[in-house]
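What follows is a pair of complexes built around chain A, which joins chain B in one and chain C in the other.
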Partner chain A sequence: MTKLLKNLLKSPSFIIGMGLFLLTIGGALLLPFFYHVNLGLQASSYASPNGKFLLGCDHLGRDMVSMLIEGLRSSLYVGLLTGVIATTLGTALGIYGGFKGGWMDDFVNLVTNLFLVIPSFVVLILISSSLSKGRSLTLIGLIIGLTTWTWSARAVRAQAASLKSRDHIALARINGANTFRVLTLHILPYLASYVFMIFILQVASGILSEAAISMIGLGPLDTVSLGTILNDAKNQGGFGDGMWWAFMPATVIITVLVFALYIINTSMEGVFNPRLRK
Partner chain B sequence: MMGMNKFGIPLAMMGLLFITGCNKENKPAGQEETKAGGFARSKTLYLGGSQWGDPNSFNPLTDWPAWPVNDKFNIMFETLLAYNTLTGKFEPLLGTLESQSADSVVVVLNPAAKWSDGQPVTSADVKFVYELGKRFKGAATAYAIDFVSDIKVSATADKAERLTFMVNKKGRNNPLVVLDFLQAIRILPAHIFEPKLAQLKDLAEVQKLKCDSNPVVSGPYNLETYSNEKIILKRRDDYWGNAALHGGKLAGPQFIIHPIYKSNDAFAIALAQNDLDATQTYIPRIWMKKNAGVMTWYDKEPYFVPGAVPTLLINSTRYPLSDKAFRRAMAFAIDYKSIKDLAVSGYSPDIKPGAIMPFGIEAGFYNDEDAQKYGAAFNVESAKKILADAGYKSVFKADGTLDKMIDGKGKPVPTLFVKSPAGWSDWEAIVTLAVKGMRAAGIDVREGFVDAGLYWQSQPVGDFDLEMIKPAASVTPSQPWSRLAALMSSRTWAPPGEKMNENQGRFNNPKGKGYIKAVDSLLSVIPTLTDKAALTQAYRQLNILFMQEQPALPLCYLPEQFYQVNTKTWTNWASEANPYAPPNLPWAGAATKMLWELKPAK
Partner chain C sequence: MPNNSSAPAPVFYAKNVTKTFGHGKTLVKAVDDVSFSIADGEIVSIVGGSGCGKSVLAKVMLGLYKQNQGEFTYRGKAITDTRSHWNEVQSVFQDPFSCFNQFFSIRSQLKDALNILKVKPSKAEADARVDAGLMAVNITPKDIEGKYPFELSGGQMQRMLLARIFALRPKVLIADEPTSMVDACVRANILDYLMKLKVELGMTIVFVTHDIGLAYYVSDRLFIMHEGKIVESGTPDEVTQHPQSPHTVQLLEDIPEIHKEWLKR
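Showing the complex of A and B:
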């Protein structure tokens, strides 16, 4: 484990990715201690950046820096929620199906394929047209998580299937280990690095999905997220009137955050995968 | 590893944002056509904001035909009279207003009026539309028979037809609404529709016809072609009104094209790029588009002529909204100035208490003394005091935000939601600010943005705590009566779950405790009053009752239509400096005459 970590730390792209990621997380978690986050109405509509409001204000005169901190927290929350749900669900189903094989595997595959073709957008539109109390950030995270676990399931299933004929599994079986024990103690550890990389990708895709969904106006209605900031900029004419502070910082933060996660993923693959290891 | 390009998504996302940010959305259809030469830009007027969905039908007998056969548009099918929303006066169209009284309204048909197939427009056409409800319950104009008992036809000295619309005394007895009809109900060619009705035997069958191929119309333009992207009208050079109403001139634009975009921002960008000549959509910070040639009625705040009142309708059947004190506290808690400045770009004059506008056509019915005495203006302390006096207690969290409310009996007050359509950007901002104000005063209210479909469903059945509406949003001869009726009338009171088309907040249950009879008596007597002093007095009383009872929360004044035009292709638009036509787009009411005054820009 320490060796792996050492190898990781030797990879410059991992350092860059991790650095960027920690920077954004740090921004979300620590900045509120140094910066007074205030989402109240403080200035005129789209006040431009000045000494008091470093990144200007939004259409309602709310401080953009506060909005971005709040938005970043929301986006990270959705990303992590999505990542946990999608990875847990996908790994559990994939590992079980892949290991069991037979009709069980076919069934899991069927369910996976079924979910694979349901776009989260459609689910969101349907849900938002039936919920009168509106959409919350958690609901958005849940929906994204519950509709994007499929590719983790597929990837894990393939790996689990290749592991099931290994000798140590047969030994564990002879020793009387039940399926649950085999899966958790003898297969999952082999896939841990792999699952972790899936998790990172799921977090990234969760953040992007939230931004995309919010941008077209289907985002959370009770919270500020990076996506809703972009949606407001679009709806309130921020793009057309050249209010760069209304959309540029949020765009940059999303890009940096997701970019960091993807670099982490790639660099980890380079370290974990023996064939790619230098 | 996942078979997915790892950098693809973030790069594509970034790219998308840059494209939308800098290249200003997808190219509107107009520009390509100019290049293709199909409709020369200099001969075409591009108008927007009145058709959002796919145009399904141009049949004027259906309930929801496409532009310009719907709403108060009169460039294909015309109304008897045109209403000038600026002066409050009628102007001649198919007919001329001769006289009006509490019993009847008299209109003389213009003998020159002709259909596009050469047939004259006659009293038979008028009677056909107004009396269709006597034959078919499902007629779109069936409501007319409750208001007009009969149309008597006589001849004038110069052999024109004189139509006397008899007010239905046994029905609604409302001459005001009859006046509304004259400028809203489009006259249709009976000689075209009667044979169709005879042939198909049923109105429902006739309503299925699309009427989209060379329809017989009386107006200055006719449908040329349409698709899901645009509706194209072509000028009728043989229009009867050219000689009879416009001194022999032809209307300026040869074509009128209404492109169908999906969102307000697309219209805003198209207008700034001169791909649209006018749009009635909400565009924030219109003054920033001045350099692009965009002009509004006033060239400074409020930019537009107020005509409608975005209002929070209160469901009076739900606790604690059933409590008058609670409703009044809400009215005191809202920062109307911030709504005006931040949510609607300053497009509203400062709001006054009550439901009557203090300026324009309604100014005479507004009384400032009453407003001072009975009305609620923004004052957080007053709001808090009213709540405390009524026994409500607000519990705030450590960070100063509202946690919950407890009523006089120690029971928690449920969180109230403001229902408003998601994506209506100006309304979203208005609601956000209203909620902010009320929460700061300790009232537990939240935004409840919902899908537009859900919003429309909830309205007639009263399925809301608070709901954003624009009561009687058109500027018509019956204002402000129609707005007050829309907010307060118990004439058709029905319990929540059943449909109501006015007072959907179900204020003043006629069978309930504390029913205020005066509200309904005033609402039924006002339309019949002809004495100016009595009328003013009645409006005063009604507005006082509104302020005392606060059945709804008017939030700001917005125009009936956002009148914003680009002067780069067409000039000589009406404006404050040149008010020859009212501030409507040149396809509605008396604003249509602008079409004859527009001149191509050099």
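Showing the complex of A and C:
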């Protein structure tokens, strides 16, 4: 384990990815202590960046830096929420189906495929637009998590099925381990690094999905997210007249965040799967 | 032995046992219409080449697989409660490297095995039994203290599997190629340990191997398997001196020369 960690720390792309990710997390968690976050109406519409408002203001005259800090916090929250839901659900179903085989596996596969062929983004739009009231950030996170668990289930299922006929599983069984023990102690640890990589990708896709759904105006109504900032810019004419501060910072933050998660994933794959090592 | 008037039921009894995998065009008959019985205290070797179904048959005996057709009983009863079956019937597997979970120490896994026993030993007793098991295969318990499976050599791991059996003291042992991954010297040791098990614990041993020469030395009876069927069975002398099946002849011919000379004498 420590050796894996050492190998990870030797990989430059992991350092860069982790550095960027920690930077954004640190920004979301620590900046409110140093910067007075104020979402109130403070200046004229689309005031340009100046000494007081470092990144200008939005169409309502709200301080952009405050909006971005708040938006980043929302995006990370949605990302982690969907990541936890999609990974837990997908891993649990995948590992169980893959290990059990037979009709249990067929059933889990059927459900997975059913969810897989339904385009989750369409479902997301349908659910979001049908909930015109009380569409909260948590609800959006739940919906994304519950529609994107399928491919983690698939990936984990394949891995669990390949482990199932290993001798250590047979030995665990003749040691008297029940299915739950076999799954948690004798299969899950072997897949831990894989599941963690899936988790990272699910967080990234959660952040992107939330941004996309908010961008088209179906985002959370109770808070500011990076996606709702973009939506406001789009709807309130922020894309024109050189008002880059209305959309550029939010876009950059989303891009950096997702990029960081993706290169963390790629570098981990290189370390956990030695065949990919150069 | 229970003191009843009727003859004791054989340890294993198989009648027309078939085990298949897959279905339709991909159907594979791993074990095909096999019948036999194994008596208490016998050492029986199941000999055959790769993919002849001997390991699958071993897993049917262990209760890890259930036959698709036919009747299979352990001491006169079908295997329904696997936990109580494994209380009495245990196994040594083929590949010692993949037998242990790499995330737990060897010692904790050996102790974990004692959970299958009907009468669970106390903590101290469990430790004592694991120590005794290790001692029986000439390993000082201190040497593996805190060690993980990947820190041991193949021969050591194979001995860990045998130590597990010495600690568990089952009534029946199914040894699936216990010597396939080790060198000749360790192999001789392992065979010694198996014989020790038989003498000390009065065990019934089913020995699964591809090596008919090895089987000849250790067994009371040989079953020769080919493509899922038992093509020949008998005492080692019968089978090796008057082979009836061409597959037996093939297996005998494949023994290195030095053994062949010895067998012909």
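Following the convention adopted for this analysis, the second predicted complex is superposed on the first by the 268 of 278 C-alpha atoms of A that agree within 3 Å, B and C clash if a C-alpha of one lies under 4 Å from a C-alpha of the other, contacts with A are read in each partner's own complex, and residues count from 1 in each chain.
Following the convention adopted for this analysis, contacts are C-beta pairs under 8 Å (C-beta built on N, C-alpha and C of every residue); 3 or more make two chains touch, one makes a residue touch a chain.
Source: prediction; values computed, not measured.
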### Query
Given the touch rule stated above, what does A:205 touch, chain B (first), chain C (second), both, or neither?
first
### Message
So in the superposed three-chain picture, is A:45 touching just chain B, just chain C, both, or none of them (first/second/both/neither)?
### Response
first
### Query
What is the contact status of A:151 with respect to chain B (first) and chain C (second): first, second, both, or neither?
first
### Message
With both complexes superposed on chain A, which partner does A:167 reach: first (chain B), second (chain C), both or neither?
### Response
second
### Task
Decide which partner touches more residues of chain A, taking chain B and chain C as the two options.
B
### Task
Using the superposition on chain A described above, determine whether A:258 touches chain B (first), chain C (second), both, or neither.
first
### Query
If you stack the two complexes on chain A, which partner ends up touching A:217: first (chain B), second (chain C), both, or neither?
first
### Query
Of the two partner chains, chain B (first) and chain C (second), which one does A:186 touch, if any: first, second, both, or neither?
second
### Contact set on chain A toward chain B in their complex
40-41, 44-46, 59-61, 128-134, 151, 155, 197-198, 201, 204-205, 208, 211-212, 217-218, 221-222, 230, 234-237, 239-241, 244, 247-248, 251, 254-255, 258-259, 262, 265-266, 269
### Task
Using the touch definition up top, name the residues of chain C that touch chain A in the complex.
59, 62, 64, 82-83, 86, 90-91, 93-95, 98-104, 109, 112-113, 115-116
### Query
Can you list the chain B residues touching chain A in their complex?
1-2, 4, 6-7, 9-10, 13-14, 17, 20-21, 24, 263-265, 268-269, 272, 283-285, 288, 338, 341-343, 345, 417, 419, 422-423, 425, 428-429, 432-433, 436, 446-451, 453-454, 458, 463
#### Entry: Residues of chain A touching chain C in the complex
166-168, 170-177, 185-186, 189-190
